[in-house]
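Here's the structure we're looking at; comments come further down.
By written order: A, B, C and D. Residues from 1 in each chain.
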Amino acid sequence: MAIIERPAPTVPAIVTPTTTYGSLKRPVSATGWRSWVFTVDHKKLGIMYGATAMFFFIIGGVEALLIRLQLAAPNGKVLNADLYNQMFTMHATTMVFLFVMPMAAGFANYFVPLQIGARDVAFPRLNAFGFWALLFGGIFLNLAWFLGGAADGGWFMYAPNSGPVFSPSNGVDFWALGLQIAGIASLTGAINLIITVLNMRAPGMSLMKMPIFTWMITVVQFLLLFAIPVITVALFLLSFQRNFGARFFDVAAGADPLLWQHLFWIFGHPEVYVLILPSFGIVSEVLPVFSRKPLFGYPFVVFSGAAIGFVGWGVWAHHMFASGLGPVSVAVFSLTTMAIAVPTGVKIINWTLTMWGGKLWFTTAMKFAIGLIVLFTVGGLSGVTHAVAPSDTQQTDTYYIVAHFHYVLFGGAVLGIFSGFYYWWPKVFGKMLNEKLGSWNFWLMVIGLNLTFGPMHILGLQGQPRRMYQWTEARAGEGFFNLAFWNLIASIGSFVLAVGILMFLINVLITARNPQKAPLDPWNARSLEWMTTNPPKEHNFDVVPTVHHLDDFFHQKYEEDPVTHTMKQVRTAEEIMAEQERNADKHIHMPSPSYWPIVLAFGLPVITFGLIYSHLISVIGGVIVLFAAYGWALESSTAPDSDFETNTPGTGLDKVASNHD
Amino acid sequence: MSRRQFDIRLSVTIASVRIVLRRVFRPLIIVGGISALSASCATNAPQDTWQPKGPNSKLIDDLQQPVFAVAGIIGLIVAVAVIYTMLKYRDRGQPIPEQTHGKPALEITLTIIPALILAVVSVFTFGAIFKLAKTDDTEMIINVTGQQWWWEYDYPVQNDFGITQPIISSGQLVMPVGTKVLLRETSRDVIHSYWIPALNGKRDAVPGRIQTLRLEADEPGIYAGQCSEFCGLSHANMRMEAVALSKEDFAKWVANQQAPYVAPAKDTLAKQGEEVFLNQCVRCHQVNGLTRADGTPAIAAPDENVWSGAAPNLSHLMSRNTFAGAMFNLLSKQCRDEVWNASSDVVGAKYLAGVTEQCLNQKDLRAWLRNAPEVKPMYANPADLAVSDGKYRGMPYLALSEDDINKLVAYLITLK
Amino acid sequence: MTINTADKTHEQQHGMSNAGYIRIAVILAAITGLEVSTYYVDFGVLFLPALLIMMVIKFVMVVSYFMHLKFDNKMFSFLFYAGLVLAVGVYAAFLATFKFFIQ
Amino acid sequence: MTDTAQGHASSTGISNVKLGMWAFLGSECLLFGGLISTYMLYRGRVTGGPRPSQIFDIPFTSVSSFVLLMSSLTMVLAVSAAHKDDDRKTNLWLTVTALLGATFVGGQVYEFTAFYKEGLGFSTSLFGSSFYTLTGFHGVHVTVGIIMLMSLVGILKRSSVPGKKAEVVEMIGLYWHFVDIVWIIIFTLVYLIPV
């Protein structure tokens, strides 16, 4: 989108591209699919991230259901060993890299600029590129299913089992290269959001007035910025070994398989905080809104988030307690791992204290947020039992670990994401999700998840290892703790869970058909993203807000009664909006759509495809990338004035444009 | 608030807490409560991690039980606090509350308490880590090698235990009771992990490294275990058992393992089986003392045929109860149960009886010989062996006739 | 494409003169000479520390002067040194687990 | 690749692109850190083929290291000229920088061929794999730098660079210096410190 002319904000200016960059003219901002494919608008990209993530969530979920079907009874026959191994590898890869991370990226893309009062991100085209790279990387990863079998080494792909002899199909190649592409996407996204937060905040919004969601996203982006290159190295080593005969994990040449484990988990542990912190951010927004109180101990929550991010770098070897690190390393990493429970505890405590003394409104969003507090704690506490290294040697690689990480991932990250859906749906789509169905959605999910993952504690402590395509009655035991019963319960639970998630999808469909529009400020919210229309205008805010408080929007609506210390409403959201419209900025200058991000992103899977099949294809991919980079470099982010039909003389447009070029 | 009101409020609160607990948190409670109970419960799965049977696992258990308890209590506190808050502060039309931003003193206190708890836990953790890493009090060494998808045990010469020549075995680790055994683990292909829950935690068997694991059993018995690092197709079928024998029984076992080869009598089915074995099997499997017709010793060369460079040594196959990575029993179900459920004073004798003809699990053994990759997933399809230089991973399909299988079974049963 | 002149002078104030850059380059060249000399001359026990110190000096000089980090906004330094310090810390610990802590 | 949102000016007055470049370089520290650590772990593991000390040619590498170091000087002179709006000098120094960089890469290609002839292939040993991967990654970075420098010269001649010209030169400069400091580390750790 190019220029929005005041006072007619709904009619976008039409761009007539006259200048050719490289070889293509700039796309015309139209309606229809082109307005999505070539968009650089952070909100559209946010929605596309969300839709992509949801799509992969269902794929990963169906893979999970197949896993549970196979394990429901002894000697399962639904999948064979080979297929089962592909299934859990791709289930985890899909859920982690193609569901939770992109979903968080979607939320971040959509709401960070809105929360800090910006009109877009720092690098809009890079943003678009990141999305397309992620989508193409995800598709590329899953292509392997149709080309001889997907990756089968488990999501942490330990060497040397990932080597060419032990995993001869191309699955691991697709996996390594696909993650490499997704990694590029995350890295560009991280740089983009960091710069956006550091550099594009509205006047008056100091770091300590930033909404907590934005804070947590910022911490996450720093984690990604520094963790992605580590997995990049690991994946390169693996690809070089598989495709070019390097020896990195070849024990016969003297290689040490622990090299891979270290590199993977140096990335992998920060990665798990990448998965959880966005959800921590979401519930830290939701809980105050529905408690009608500010977040308790905001600075503590901010610093604990940063502390989790920082300490998270020093704990990676807790995934290797049984690998044979030697007692000194084990002791050190055991200690640092326990230390992480402290800042995480700070969050749990502060959320509870946020609700304490509040006026609690149990919307679906709130229910999911509260669900997160309790269920994440369950997962976190089992995490602490792993941190005690000697007991971890009994637990590691059993279902007890599977229970741990599904409680933190599903009970934590996913519940947080669902809380965000219900909370922000009216903001993004201008319609309220149905609360009644939401309630069903919540309860079925919570019951389902406890039924699915709760029994896994028992299974694990009873000695059932993970990643077994079959279990046998011979080792199932008898009595109350017999594995057969609890495996069956877990499998039943997973279908309850699926029905719960189905409720959400139904809710979305129903909501889409419901003509009723959402009110402007349905939750009586607190932060800046609510200080605009639903959905927000292309340029987000008519006036770039000036910030005075944490929760500035709330404080514009309410004032404290000096005597009773209760809050009195002084203005409504509608009044605030009306005032904004009256004072709307003239000549808002938005970045223009571009072909190059998607073209550049498309070149990447072509290159990697060629690495597996024929280097000639790689050359073609390289040409595409160079061609796109060239066009990108020559194209300015915003179309020049001559491209605008509505460029009437005397509007001052010329000045705006050249200032920014 | 009057006393009565308060009482009513309290009972209502408690009742609602109960309802919520019952509805939502029942699974949690079940898990938590049951976990606590299970320490005392018997009849669990054979790999239960809460039933230590040796000093190393007891050390772990003594450490972890209080940790589980602390974690459970903290979890309960959080759950109760959240539910209580939910009930107490639900919207009853009260005014929008004061916008309190926090109470630093309270926050700091609530930060320090968990830190202190964890400091205490870590002290005990440290002690246990170093105790479990000790190697200087070892009494007996057994080398353990993992490969896809079974374990090989190699007892180096240790005269104290009557081991005067190396013993090579697979599937079941036989060890003397009350002895500090040190496993020296490695792997021939990918990473595996050795784990007998009743005796100790896991230790990965990493190719290119030799790593140690302490094992010691208090009582004679059979303890189940399972490879617990993902190692490819048949990871699920890579099991093991540790057999702890009294010192006398162990000595008998050692003597048997070192007993010379007894060739089957002429003109028996078994003798014909030996012939088939010499034709088909010795290229991979070693039977110590077995000679060819011309009197030369038959030396297996598995590294030419198997990627990991080994196949189980079958010299005393019938002295063990299981085969193919403990995936199958060599004993029929009934005989097996008799050994497994034997009390600790007779289990040794029962175990040393080995596999008799009546007790042999013919069905699984025959199925194995008929087509091993069909009953245990292995990379043994000749069409797919290019990547492994034509070598199998696991035992291939050998296209044996039923006749040959009969002969082989008759022969194998003689390998006491 | 007009160039914002205000910005230009801003950069200039904090930069260095060309002569200054050449001085830095000369020092860098001299240190490199010294480094290479360790290959020919025996430094004894000082060998490793001397080499590492010289490496760090060169590194910091290029970053501070050629890359202007010394004169620029602290935010740049934060972004870069955060990565650098993290990298050194994490990878040193990683190598240490292989070298020093094994049983 | 300058790309700034035009919504409103940055809140700090700092250039987005420059901030982004520094963030990227911070991230690159972990990339090269990983490659260097892998090399440090594996440099002594030679089961076949030559050992490092048998093939390294310190005088030769010293010269090419010196060339790369000096390219940092010429780069900084280009940036300085760009800030003074002196297009002729900017182009001159950029070209010289690219040439010095190309000399370095040429030296590396020569070195690789020499090592290969002496029996060190990519698959020969762990030392070989990790040596070529580390120095190869660095070489690719230099090559990308050269391409950017040359394109910049071309674009500057046509005067169609979007955004602030001096800033673009400066960005490429930052990247170039980074590649240089990585080599400062590699030169010491890989070449000068014997296994």
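Here is the rule we use: contacts are C-beta pairs under 8 Å (C-beta built on N, C-alpha and C of every residue); 3 or more make two chains touch, one makes a residue touch a chain.
No experiment lies behind these values; they were computed from the predicted model shown.
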Pair of chains with maximal C-beta contact number: A-B
Per-chain Cα centre nearest the global Cα centre, belonging to chain: A
Centre-of-Cα separation between chain C and chain B, whole angstrom: 52
Cα-centroid distance, chain C relative to chain D, in whole angstrom: 14
CA centroid of chain A to CA centroid of chain B, Å: 38
Contacts with 2+ other chains: residues of chain A: 194, 198, 225-226, 254-256, 258, 324, 326-327, 661
Set of chain C residues in contact with two or more other chains: 1, 75, 79, 82-83, 86-87, 90, 94, 98, 103
Multi-partner residues of chain B (at least 2 other chains): 133, 211
Interface residues, chain A side, partner chain D - complex: 118-126, 187, 190-192, 194-195, 198-203, 205, 225-230, 232-234, 236-237, 240-241, 244-248, 250, 252-256, 259, 263, 539-540, 544, 588-591, 629-630, 632-638, 656, 660-661
For the chain A and chain B complex, residues of the former touching the latter: 80-82, 85, 153-154, 158, 160-161, 164-168, 251, 254-258, 291-294, 296-300, 322-324, 326-327, 330-331, 334-335, 338-339, 341-342, 345-346, 348-350, 352-353, 355-362, 370, 373-374, 377-378, 381-382, 384-385, 388-398, 446-447, 450-451, 454-455, 457-458, 460-471, 474-483, 558, 560, 564-567
Chain B residues within the chain A interface of the complex: 24-25, 27-28, 30-31, 34-35, 38, 41-50, 57, 59-60, 63-64, 67-68, 71-72, 74-75, 78-79, 81-82, 85-86, 89-91, 94-104, 106-107, 110-111, 114-115, 118, 121-122, 125-126, 128-130, 132-133, 189-191, 193, 195, 197, 200-204, 206-209, 211, 224, 226-237, 239, 307, 329, 377, 384, 387-388
Chain C - residues contacting chain A, complex: 1-2, 75, 79, 82-83, 86-87, 89-90, 93-94, 97-98, 100-103
Chain C contact footprint on chain D (complex, rising order): 12, 14, 18-19, 22-23, 25-30, 32-34, 36-37, 40-41, 58-59, 62, 65-66, 69-70, 72-73, 75-77, 80, 83, 85, 159, 161-166, 170, 173-174, 177-178, 180-181, 184-185, 187-189, 192-193
